[in-house]
Amino acid sequence: MMKKFIRKSMILLPALLLSACNFKFVYNIEGLPAGGLDFDDDIEDSGTYDIKVWVDDKIVDLTKSQIGQFVTASGGKYTINATVEPVDEPGAASKMLLDVQDGADLFVFAQDQLSRLKVAGSLAKLSNTYVDALTEEMGIEAVNAAKVNQDVYAFPITSDNGYFLYYRKDWVSDDAAKNMTTLLAACAAAGGKTLNFEAPSNGFYAASYFMATGCTSEWTLDDASGKFTGYKDTYNSPEGLIAGKALRELNTSTVAKNSQASKLGDTAAAVVSGIWEYEVAQNRAEKNGWELGCAALPSFTVDGKEYHLSSFDGYKLLGVKPQVDAKKASVCRKLARFLTGEDCQTERFGEASWGPTNIASNQSEKVLAHKGLQALHEQHKYAKAQGQCPGAWFTALATTATTIVKASSDGEVQAALDTYKAGLTDLLDAD
Amino acid sequence: MAQLTDLEYLKLNKAQRFGLKFTAFFKAIPGWFKNLGIKIWTFMKNFFWGVVNFFKNLGLTFWHGDWKTKVSYFVMGFGSVMRGQWLRGILFFLFEVVFILYMALFGGKFLGQLYILGQNESSMGDDGTIVYGDNSFNILLYGVLSLFFIVALIYTWYLNIKQNKIGEDYVKAKKQLATAKDDVKALVDKDFYKTLLALPTLGILIFTVLPIFFMILVAFTNYDKSHFPPQNLFGWVGYDNFGLLFQWSNSEGASFSMTFGQILLWTLVWAFFATFTNYFLGMLVAMLINKKGIKLKKLWRTVLVFSIAIPQFISILFVSNMFQYPDGIINGILSAISGGKLLIDFWGNAWIARITVIIINVWIGVPYLMLVVTGILMNIPADLYESANIDGASPWQQYSKITLPYMLFITGPYLLTSFTGNMNNFNVIYLLTGGGPKVQEYYGNAGKTDLLITWLFSLAVNDTNYKLAAVIGIMVFIVVAVLSLVIYNIIPSTRNEEEFQ
Amino acid sequence: MAAEKHSMSMSKKKTIVNTISYIVLGLISVIWILPFVFLLLKSFDIGNTGVTKNFIPSAWGFDNYAYLFSSDCNFLQWYFNTFIIALFVCVIQTVMQFMMAYTLSRFRFKLRKPLMNIMLVLGMFPGFLTMIVLYQILKTIGLTGDNAVPGLILVYVASSGMGYYVIKGFLDTLPKSLDEAALVDGANRMQIFVKVIIPLCKPILIYTVLTSFMGPWGDFVFAYTVSLGSQAGMNVAAGLNSWLSPANIGSHFTHFCAGGVIVAIPVMILFLFLQKYYVEGVTGGAVKG
Amino acid sequence: MARVVLKDVKKIYPGNVEVVHKFNLDIKDKEFIVFVGPSGCGKSTTLRMVAGLEEISAGTVEIDGEVVNDLQPKDRHISMVFQNYALYPHLTVYENMAFPLRLDKKERVMELSDSEKEDAKKQIDALEAQAKASPDKAEKLLKKADKLKDEIENGRKQKGYTNDQIYERVTSAAKVLGITQYLTRKPKALSGGQRQRVAIGRAMVKDCKVFLMDEPLSNLDAKLRNQMRAEIILLRKRINTTFIYVTHDQTEAMTLGDRIVCLKDGYIMQVGSPSELFDMPANLFVAQFIGAPMMNTAECELLKEGAKYYVNPFGHKLVVDGEKAKALKDRGVESRKIILGVRPEHIQLAKKGSANSIPVEILVNEMMGSEYHLHVQTEDGTKLVVRIPTINLSEEERTHMVMGEKINIVFEGKAMHFFDPENERNLLVDEIYGPEAMQLELEAEAKAKANAEANEVPVEDPVPAEEEKAEEPKVEEPQVDIQEQEK
C-alpha cells in the first residue's frame, strides 16, 4: 500500500511541477518530452522518417496533432512525414497480417489479437527498459495485457475495453444497482423496463458469471508455432455449476433481455455495456432529462451465498511493427511511448473519452469526473485480465451458456458443462 | 433388359419409362468410363507422338537448315529478320531479351527456391528491428510465374524455328514471304482474332490462371498462421492437408472433416432451396403479372426490378439489421402485434437462421427470376394454350403440362448455373448472418449458416489458415464440376433438342 | 339458359380471380418496396443513430446526410473513387467482353474450344481464394494502398473476358451472312466488327455497360483489402460496410442508411431508364445459359 | 469480263467429311451458269469457295486467269447476293448500297462523267485564258490544263470513290431496280421483294468480274419469284458479266442458265445447256431432277428384234421408233434390262384399243388450271403421272377424268429415255459424270503415276521430301472460316 503510494506520487510529481510552470510539456536535454526519457539513446536516430499510423476514425486528427507535438518536442531532431489512416482495431489486425511490410508502423489493435499478430511477426518485442518504464507508469496489469508468455509486445493505449452497468437513475436507485435481485426488481417496478445483458449469447459476457464464482480457464501458447498447446480449465466444477444456476436464474426473469443494443431510458432501465456506449447514453440522458448512473456490475446470490459479477479487463494496445531500419525502429518506439504517455492519454481522454492506462492520467480531474470510467475502475477490482485464449473459446462458452439458459434442471446445466469440457481439446486445433 | 424399339417404348407407363431410363443411365456408366479410358489413351498416344515429332522436327530443321536457321536456334528471330520479315523477327528477339532480363533480374532467384520455398528465416532483434529472410509466398508466386514464362518461351522458340522452316521452304519454292505490312494487315483481317484475344487472355492468364494455380499449390503446403511469411517460412507437405478431410476417428483432425461434411451438406441443401424457391415463386409472380386481364403490368414489374437496382450490400445489410434480435424493425413489428410477447432471435438459432436466410433470399432473387421467366413465357407459342383450351385442359393442367415442361426445358442450363451459383452465394450469407450462429462443434469458427465459400473466406481472412482454405477451394471446385457434369448430362435441353422446336 | 348461367359464373369467377391477383400483387409490391422505405425513413432518423425497432424516426432531420458531406468522414472520397472505378470498368470491361464474344462467335480456330472449356473450368473455382495472390501481384506493381483505384480497375477488368457468355449468345443470333456480305463488300474483319456488328449490338451493349457499371459499387471485400487502410483507395461499399462493425453500428447505422440512399439513387435512375435493355439482356442470357 | 476455272476443287470439313469432290468446271466469260441440285449437294459450298467465304481444301479456283485461293473475298472482284439478303439493318438502303463503295480504297483510273468532262473543259478554257493573260505563269497553268485534257481522254486517277460518284452509282442502280423511293428507309421497313432488290443493287454498284447469287429468290413467295426471275434476266443483260447462280429450283435453272451444272452429293451429275439436260439427261438423277412433275420410270427390258427395238413396260410391248431407235442402232445396243423413262408431258391420251395404248386407272386428278396432273396406275400396279393440257379436252372427256375411271394412254418412242439399271447412266449419252467419273479418273491417275515411277530413278534421299509433306499442312495458319456452322 505504501509502496504504491510512493510510486504514484513519484509519477505525479513532475506532472504537478509541470502544471505549476504552466507548460504543457517538460522537455529533457535532448528535447524529448517527459516520459520519453532518454533510454535507447545508444543509437543516433535523428533524421526524417515516413511513419504510417492506423488508429480508429475518432482519433485520427488527434493523433496527427500529437505526432506534431512529438516532432516539436524533439526540437528539430526528427522530421516525421506521418500518414494517419482511419482503420478500426479488427481491421488493423487483419491488414497487418495481410501485408506487414506495407502495413502501418504504429497501429492500435484489440488485446485478443495479440498472440496472432506476434506469431505473424507484426509486433516488435519491447526491450526491458521500456517494459520497466511502462510498468512504472501504467502498473503491472496493463503491462501484462501486452504480454505473450514472458515478453511484452505493445504499448497499452486504453483500458476501457471492459464493461459495466449503465442505468437510469430515476428508475433504478444506486443501491438497487448493486445486486442483481434488487436490480431486476427495480426494472420490473419501473414498468417492465428491461435489463439488457448479453450474457448467454456472447462468451465475453457469459464468462462474467463463471469468473465470479472463481472458475478459471488458462491456455498455454507455444511461442514458436503460435498454437495453443494446452489448457487448465475449471469451468466444469461445482463453482461452474453455481455460475450456471445464476445464469439460468437471470434468464427466468421477464425483464432480463439477452441483448447489448441499448435503448437505455426508453425500454431498458439498465444495460451492461462498455465505455463505447457512454457518449450515446449521456446524450440521451441529457436530451430526455434523466440522470445517467454508472456502476460496477451487480452481485448475485446463489444458495444464500453472494458473488460479485466479474468481467474482463479489456485493453487496446498500440503496436509497433518490426523495422528493417534500426533508427526508424528506435523512433517508432519513442513515438509509441509518447502517444501512450500521460499527456497524450489525458488529451485523448478529453477528446475521445478513451480511458487512460496511465496511472497519472487516471488521476486527472476529468477522468475522475467521468462516471463511466469510474464505474469501470470500480469493476476493475472484480475483473480478470483477458489472457490469451483461442477465439473459438468464446464461441464455445456462448454455446454452453445458451444451452444452460434453456435448461430445465440443474442436471441439464451440468450436462451442458460436461459437453463444454469435452469440446475443449478440439479448440486447441481449431484456432 | 432387351432393347426396345421406339414404338414399344410408347406403350410403357410412367413408372416403366422411369425404370427404363434409370437402368439405362446406370448401364451407360461403364460405357462412359470406357470412352473416357479410350479418350485418355488416345490423348496420351497423341501426346507421346506429338513430343516425339516435336523433337524430330527440331532436329531435322536444324540439320537441314541453312546458317540463318541455325543461328535462330540461339538468337530468336534472326532468320526472320534476315529473310525480310523484320517485324516478326524483332518481336521474337524482343521476347527473348525480355525473358532473359526477367530471369536474370527477377524470376531466377524465385525459381531456384521453388522446390523448398525458402531457407532463411527472418530474425527479429531486441531493438525492434527485423531482418527479413526468404519470403515463401513470393517464392511460390513468382516461381510459378517464372514457370509460365518458361513455357511461353519454349512455345515462342518453337514458333520461331517453325518460321525459319517456312521461310526456307518459301525461299526454295521462290514464293513471296509475308512482309511486315502483310503481318499487320492480317492482324486486322484474317488473324483479327489474335489481336482481339491478346489482351483478354493475357489478363485471364495473370489475374485468374496464375492465382488459381498458386492456390492449388498452397493446398500442398503448410501455409497457415504459424507458417506465415514474411516472418516465417512455409514449405511443402504433400497430401497432408487433404488427409485431414478423411480423418474421422482421430481426435486431432476429426472436427475438420466433420465440419466439412456438415457444411457441405448445408451448402447443398441451401443451394437446392435457394434455387427452387426462387424459381417457382419467380415463375408464380411472373405468371401473375402476365396474366390476361391484369392491368398496370409495367408498374408491378418496375416495383420488383427496383430491388435489383440497389447494390446488394446495401439492401442485404439493411435487411439483415431489420431482422436483428431484439431491436430490429421486424421484431419491433412482431412485438407491437403481440404486445411484446413475441420476439424471434432470427440469427441466434440455427434452424430459424437457416429458414430466414432462405426466405430473405426469395426476396432477393425473385425479381431477377421474374424477369427471366417473363421473357420465356412470352416465347411460349400461344397456339399451344389455345389447343389445350380446346382439348379441355384446366389452368392447372395447362401449367403442369405446357408451361412447366417448357420452362424446365428452356431453363435447364440456367437452373444448373444458378444452383452452382447459389452454392457459392457469398454475398447473401456473408452479409445476412456472417455464417452465424457460430457453434463450438464446428472447426475454425464456422457457423450453422456458413457455406463452404464463406467458411473458406473466414478461414483465409480471419484465421489466415490458407492451407485449409485452399483445400476447401479445391473441394468446392470438384463438387461444382462433378455436379455440373452429371446434371448437364441428365437435363433434357442438351439431349432432346427437337422436342419444342 | 344453362349457357347463360355458365357464362355468368365464368365472368364472376374471373372477377374474383382478378381481385385476388390484385391483392397478391399489392402485397408483393409492399413486401418488396417496404425495406427501401424503411431505409429511406431510417436515413432521416436523428433520434437514434443505431439499429432500432421503430421504422418511424423519433426525430427527423438531414443530419445524417450532412454528416456524409462533412469533413468528419470520407464518404465523398469513397464515392468519387467508386464512381471513377465504375466509369473505367464499364468501358474497359465492355470492350474486353465484346472482343472475347465476337472472337468466339465469329472465328473458328484451333484453340477455340479449348479456350472456352478452360474459361468454363476456371469459373468453377471460388474466386475469393485468390484474393491474397491478387493483392501481392498488385503490390508488386505498386497498385495497392493509395493507388488502389487503378489497381482495383485492373483486377476488375483483367479477367472480365470470361464473362462473354451473354454477348456471345446475342452475337450468335446475328446472321453470319451479314459478315459474309461485308466481307464480299470489301470490309476486313476489323471493319466488320466496328461498322457492322457493333452498331447492331445496341441492346446488349447497353446491358453490358449497365451491369459492369453497377458491379464495382457492390464490392466490399476486395476493395477493403486492396486499399490497405488508405482512404484514397477505399470504395463506397467497403467504407459503408465498415460502419456496421459491432463497434460502429451504434453510432453509424443511420449514416449507413443515408449513404446507401445516396449510392442507390444514381444507379436506380440509370436502371429505370435502361430497364428495357436490362430485361432483354437478362432474358437472353438465361435462355442461352 | 472474266473466265472462272475450277480445277479439282475439293471441300473437306473437319472430321474428313468431303462434301465437294474434285469439282472441275470452266465457266466462260459472260456466261450465266446455274448450279442446281437438291439441298446438301454442295452447290452453295462450291459457290462460297469461289467467293472466298469457304476455304478451298484442295484444287484451285481461277478468276480471270488469276489463282484466287489465297485471296480474301474483297480482292477477288466479285459481287454476291445472299439468300436472306444480308442487308445491314442499321443502315439505310442508300448506305447499304454505298457500303462496298465506301470501303473500296483502291487506286483506280475512272472515266469522267459527262458533267465532269464539261467542268474540266471549262477549267481548261479558263486556264488557257489565264495563261495567255499572264505569260510568266503560263507554263504551270498549261501543264494543269494538259493534265485535265489527259484526264478527259484517259480518265482520272483516284483512290476509292468520291461522294458524288457514290451518289451517282447508287441512284442509277436504284433507278434500274425501281427502289429509288426507298433509299432513305431502313431495310426493316421494306418488303421481301424490295429487300431482295436492295441486295442485288448493293452487288450491282460495285465493279465486279463475277456476279454470284446464292439462292436469291428462295425466300420470296411464288408470285414474286416469277417476277424477280424475269428481272434477273433483264439485269443480266444490263450488267453483262459472268454470273454464277445457285438454286435448288429446276425452273429457275432452266429459265436463267446458259448452262446448268446439276449436282448431287458433291458430284457433278451433268453440265450442259437447259435443253441438253432436259432432252438428253446423262443419268437417271438428272432426268428426274429436271422437269416437273418428275419423269416416270419403269424397269423393263429393251428387246432387239432384227433391226427394231422394243420395250416391254407394264406388260405391254412398245416399239421404239424415230431418232431414239436410230441412236440405239448406231451404238449397237443389244437386248438388255433397262430403266425406261418417260416425262409426264410426253404421255398422251389414247382411244381405247388404239396401237400401243395402255389402259390405266385414275387415282388422283390434280387440276392445275391449264392442265391436269393425273396420277394413274397401270394394270401391273406401276404408278405414273400424266400431264394433260385441258384445252384439248371436251366437256365430256373432262367428266371422265375422275378417280376410279379407266382411261388409255400412249407415248411415242422418241419420248423414251433408256437408263442402265446398274449405273443409272443414259444409254445414249457418252459422257460419264458423278462418282463413277471420279473413280475412272483416279484409276487413270494411279496408272499414270505407276508408269512415271517405273520410269523415274529416285535422285534424292526420300526422307526430307516426306518430311516436307508432313510439315505442309502444319505450316498453314490456323483455319479461319466464318461460315462453318458450329456443330
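Letters A, B, C and D mark the chains in the order given here, with residues in each chain numbered from 1 onward.
Note that in this section a contact is a pair of C-beta atoms (placed from the backbone, for glycine too) under 8 Å apart; a residue touches a chain by one contact, two chains touch by 3 or more.
Note that this is a predicted model, so its numbers are computed, not measured.
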{"item": "Chain occupying the most central position, where position means C-alpha average", "value": "B"}
{"item": "Contact-richer chain pair (by C-beta pairs counted) among B-C and A-B", "value": "B-C"}
{"item": "Centre distance in Å when chain B and chain C are each reduced to the mean of their C-alpha atoms", "value": "19"}
{"item": "Rounded Å distance, chain A centre to chain B centre (Cα mean)", "value": "44"}
{"item": "Inter-chain centre distance, chain A versus chain C - centres from mean C-alpha coordinates, in Å", "value": "41"}
{"item": "Between chain A and chain D, centroid-to-centroid distance (C-alpha), Å", "value": "93"}
{"item": "Chain D, residues touching no fewer than two other chains", "value": "72, 480"}
{"item": "Touching two or more other chains - residue numbers and ranges from chain C", "value": "50-53, 107, 109, 132, 188"}
{"item": "Contacts with two or more other chains, residues of chain A listed in rising order", "value": "261, 263"}
{"item": "Of chain C, residues touching chain B in the complex", "value": "14, 18, 21-22, 24-25, 28-29, 31-33, 35-36, 38-39, 42, 50-55, 96, 99-100, 102-103, 107, 109, 115, 119, 121-122, 124-126, 128-134, 136-137, 154-155, 157-162, 188-190, 193, 214, 217-218, 220-221, 237, 240-241, 244, 249, 253, 256-257, 260, 263-264, 267-268, 270-272, 275, 278-280, 282-284, 286-287, 289"}
{"item": "Footprint of chain A on chain C - complex, ascending", "value": "48-53, 73-74, 132, 135, 139, 144-145, 224-225, 228-231, 242, 245, 247-248, 250-251"}
{"item": "Residue ranges of chain A touching chain B (in the complex, touch as defined)", "value": "40, 43, 94, 97, 100-101, 116, 119-122, 124-127, 192, 201, 224-227, 257-259, 261, 263, 320, 322-326, 329-330, 332-333, 391-392, 395-396, 398-400, 402, 420, 423, 425-427, 429-431"}
{"item": "Contact footprint of chain A on chain B as seen in their complex", "value": "122, 124-132, 225-226, 228, 230-232, 251-256, 324-327, 340, 345, 348, 438-441, 443-445, 461-464"}
{"item": "Contact set on chain C toward chain D in their complex", "value": "106-111, 175-188, 191, 196, 199-200"}
